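Structure first, then comments.
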Amino acid sequence: MSDIAIEIRGFSQYFGQVRKINGLDLDVRRHEILGIIGPARSGKSTFLCALNRLNDLVRGSRHEGAIVVEGRDIYAPDVDVVELRRRLGMVFATPVPLPRSIYENVAFGARRAGVRRRDELDAIVRDSLEKGGLWEEVLDRLESSGQKLSGGQQQRLCLARILAVKPEFILLDEPTSGLDPISTMKIEESLRRLKKDYTIILVTNNTKQAARVADRTAFFLNGGLVEVGPTAKIFTAPDDRRTDDYLRGRFG
Amino acid sequence: MAGPKKAGAGNRLERNDRLIRLALLVVAFSAVSVLLVITVFIVGQGTPIMFRYGFKSFLAGSDWYPSEKLFGLWPMIVGSLFVTAGALAIGVPFGLSCAIVLTEFASKRVRGLIKPVIELLAGIPSVVYGFMGVVILVPFIRRTFGGPGLSVLAASIILGVMILPTVISISVDALQAVPPSYREGSIALGATRWQTVKMVLFPAARSGIIASIILGMGRAVGETMATIMIAGNAAEIPRSLLAPVRTLTSNVALEMGYATGEHREALFATGVVLFVIIMVLNTIANATSAKRRKAP
Amino acid sequence: MRRLAPSAEEKAARAGLWALTLITVAVLCFIILFILRRGLPVLSFEFLTANPVDMGKAGGIFSTVVGTVALTVLAVLIAAPLGVGTAIYLTEYTWGGPVTRIIRFGAECLAGIPSIIFGLFGFILFVTKLKFGWSILSGGLTLAFMLLPTIIRTSEEAIKSVPPEYRKVSFSLGSTKWQTVTRVVLPSALPGIVTGIVLSIGRSIGETAATIFTAGSALRLPTSLFSSSRTMAVHFYILAREGISMPNAYGTAAILIIAILGINLLTYFLMNRFIRKYS
């Protein structure tokens, strides 16, 4: 088996008449952290939502090209979208705990997937919170509301929540954009730890974050890929002039 | 990777979702179906007699003597018109004032006091309004202005109060929908608050305010129990504000209890006239507020 | 006529607007206090639990309370599932289009139809055509149709105010549409939906024109869905209009007013909680 987990071939995404992604070609390797950087509105978030087909929920959504996840085109007619979304867990830019307890937030996906037994759920919740690096802080208040946690804790709760669904991929959409440096550091630590079990795609508006945690980095501009390569190379000797300009802060 | 078995389970869920969507669509048509069934029944019961006696004698005839097969609705049509006009003359100034005070002049605390009071106004049963008319307003009118007291004037005042919640809530919505920048721009140009209301907010919220008045009109035309109790119910065209009057709704409610045969059909015909008036008003209100929604 | 100076005009306008507003508030307070002052002395445990005697000249109003509750419960049990279902369809299962426009137009028109038309319709369909007679069933069905548009509109607003992010989160965790609706959207919208239902309970308690021709005006204690039963509002109307007993009329009116006050307080409380949650 090759080490390529996701192949994106000639993929374009439209919303009505507006084209947000334009003929994208990109490979994602298994057990890597792929960082995606680029100015606002360069199609980074739309790209993530194409991977788990959340774009389907937007009115007038339409695509061209193919996204192949572990050998199967995810837009093929017989694909089970619910199953697909479980395999590609997603963390959003602003943490959105559901109006439920911490426990129920984490157990949410597992319950929807049909896990009923309390001991099984208990184990899943504990395991996920541990992996998300939040267990120690909340173990004595699992029944209190997830919305009462601090911003950083909420985001780690969201991370734990997707781990509970046992995904293969973790998609993160600017997960630390609203957080303080310490919370950001904690999330980044968790990501490094999680790399060995998951393939991670990290969209970030903070180029330094990509430099810190990504194995490879892709630079998006105007809905297209400018270049992708090992993070060190992108940050020190990019092939494309525009990458260099962006990283030096000349635009974006 | 997902095996075929798992995908199959998921597809079953998707099929369930399709079934649910279909079931919800059927449920969603309940309101439309009810409207259709009501239309069919009222029109079906009420129009044959109109054809038999001719629309003209029905709508323009001024004598209502069911026992002698005289079914002229003209006095009731005029009655409904008078009472509704009176209700608007009283309800609109009060209602718009409340709406302006609530959105523009009242502090947050005062608004918190006035708003629930007005919501309460909407909750009071119409028979209670009618009763208040009977025990307070009608004797007052009889003593002060003479006449029987049960009159166009009494009905107008009570209906004017009853349409307040409709007028207020919809014009408040319309005024609140005016972008704050309009207000700020006007104040920044040195206009006073009242000038801002008069020159900027009212024109901007015009279609919503018109819709509120039309819907208030619908309420006044359709109100039954309060009108029966205070309007006097004489089936003749009123000669003054102090004369008794019978509305279309009263005509139905007063005689429905004992009417049979053609008489009952004639009451349904009254319902048809009422129904048509209401549907026209609804459609106008709907069109004006649709225009408002489309405006930038 | 000389034009007023802007500052004088401002003062006059403000005074006028405030005066009209305060008169409105005063009228309402007067109505409530007037009814309560004359009605409260009549009220007693006895008044609520004894059946009317001699057409309501003596005795209490128990059978009319039972009739009102039965009609209201039946109406809400029918209208709430239909109304909430319609709201779910309109907000979650469609992106607009002609079908949605037809449904909305139907609901808006239904909301404007006067209660006497509902009464006529219920009389001809349920009482005579379907031979339910003057009964709780006929009255409940008629009321349910009347309440439908209110419940649709308030539920739709409640569902719309649930943050869209909740839905995205739910879908991204592998929920189906229906799971998202039942596990995330409806629980969050519940206080708003309940507020709408409580409001419609208030409406059905006070309704007279639609119920008098469908549920009838029998004073006996109803025993089944097919019993005719007088509601409190109808009882009050008959007592007052036929001058049977003014004290008992005031007492019944006081109960109606207290019920409406309670319902308004309840919706106010629910709504405040709902708003605080999402703003």
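Order of writing sets the labels: A, B and C. Residues in every chain begin at 1.
To be clear about the criterion, contacts are C-beta pairs under 8 Å (C-beta built on N, C-alpha and C of every residue); 3 or more make two chains touch, one makes a residue touch a chain.
Please read all numbers here as calculations on a predicted model, not as lab measurements.
S.K.: Starting at subunit B, find the fewest moves between touching chains needed to arrive at subunit C.
M.R.: 1
S.K.: Centre-to-centre on C-alpha atoms, which chain is most distant from subunit B?
M.R.: Most remote chain from subunit B, centroid-wise, comes out as A.
S.K.: Please identify the chain lying most centrally, where each chain is represented by the average of its Cα atoms.
M.R.: Measuring from the global C-alpha mean, the nearest chain centre belongs to C.
S.K.: Compute the distance, rounded to whole Å, between the mean C-alpha positions of subunit B and subunit C.
M.R.: Each chain reduced to its C-alpha mean, subunit B and subunit C end up 16 Å apart.
S.K.: With chain centres taken as the means of their Cα atoms, state the distance from subunit A to subunit B in Å.
M.R.: Taking the mean C-alpha position of each chain, the two centres sit 53 Å apart.
S.K.: Subunit A to subunit C: how many Å between their CA centres?
M.R.: 48
S.K.: By residue number and range, which residues of subunit A touch two or more other chains?
M.R.: Residues 82-83.
S.K.: Specify, in ascending order, the residues of subunit B that touch 2 or more different other chains.
M.R.: 13-14
S.K.: Return the residues of subunit C touching two or more other chains; collapse runs of consecutive numbers into ranges.
M.R.: Those would be 176.
S.K.: Hey, which residues of subunit A end up touching subunit C in the complex?
M.R.: Listed in rising order, the residues are 52, 54, 57, 59, 82-83, 85-86, 89-90, 92, 94, 96, 98-99, 108-109, 112-113, 158, 161-162, 165.
S.K.: Enumerate the contact residues on subunit C facing subunit B in the complex.
M.R.: Touching subunit B: residues 6-7, 9-10, 13-14, 16-18, 20-21, 23-25, 27-29, 31-32, 34-35, 81-82, 85-86, 88-90, 93, 99, 102-103, 105-110, 112-121, 123-125, 145, 148-149, 152, 176-178, 199, 202-203, 205-209, 212-213, 233, 236-237, 240-241, 249, 253, 256-257, 260-261, 263-264, 267-268 of subunit C.
S.K.: Which of the residues in subunit C come into contact with subunit A in the complex?
M.R.: Spelled out, the residues of subunit C in touch with subunit A are 95, 163, 165-176, 179, 183-184, 187-188, 277.
S.K.: List the residues on subunit B that touch subunit C in their complex, please.
M.R.: Of all residues in subunit B, those touching subunit C are 13-14, 16-17, 20-21, 23-25, 27-32, 34-35, 37-38, 41-42, 45, 93-94, 97-98, 100-102, 105, 114, 116-121, 123-132, 134, 136, 161, 164, 192-195, 197-198, 215, 218, 221-225, 228-229, 249, 252-253, 256-257, 267-268, 271, 274-275, 278-279, 281-282, 285-286.
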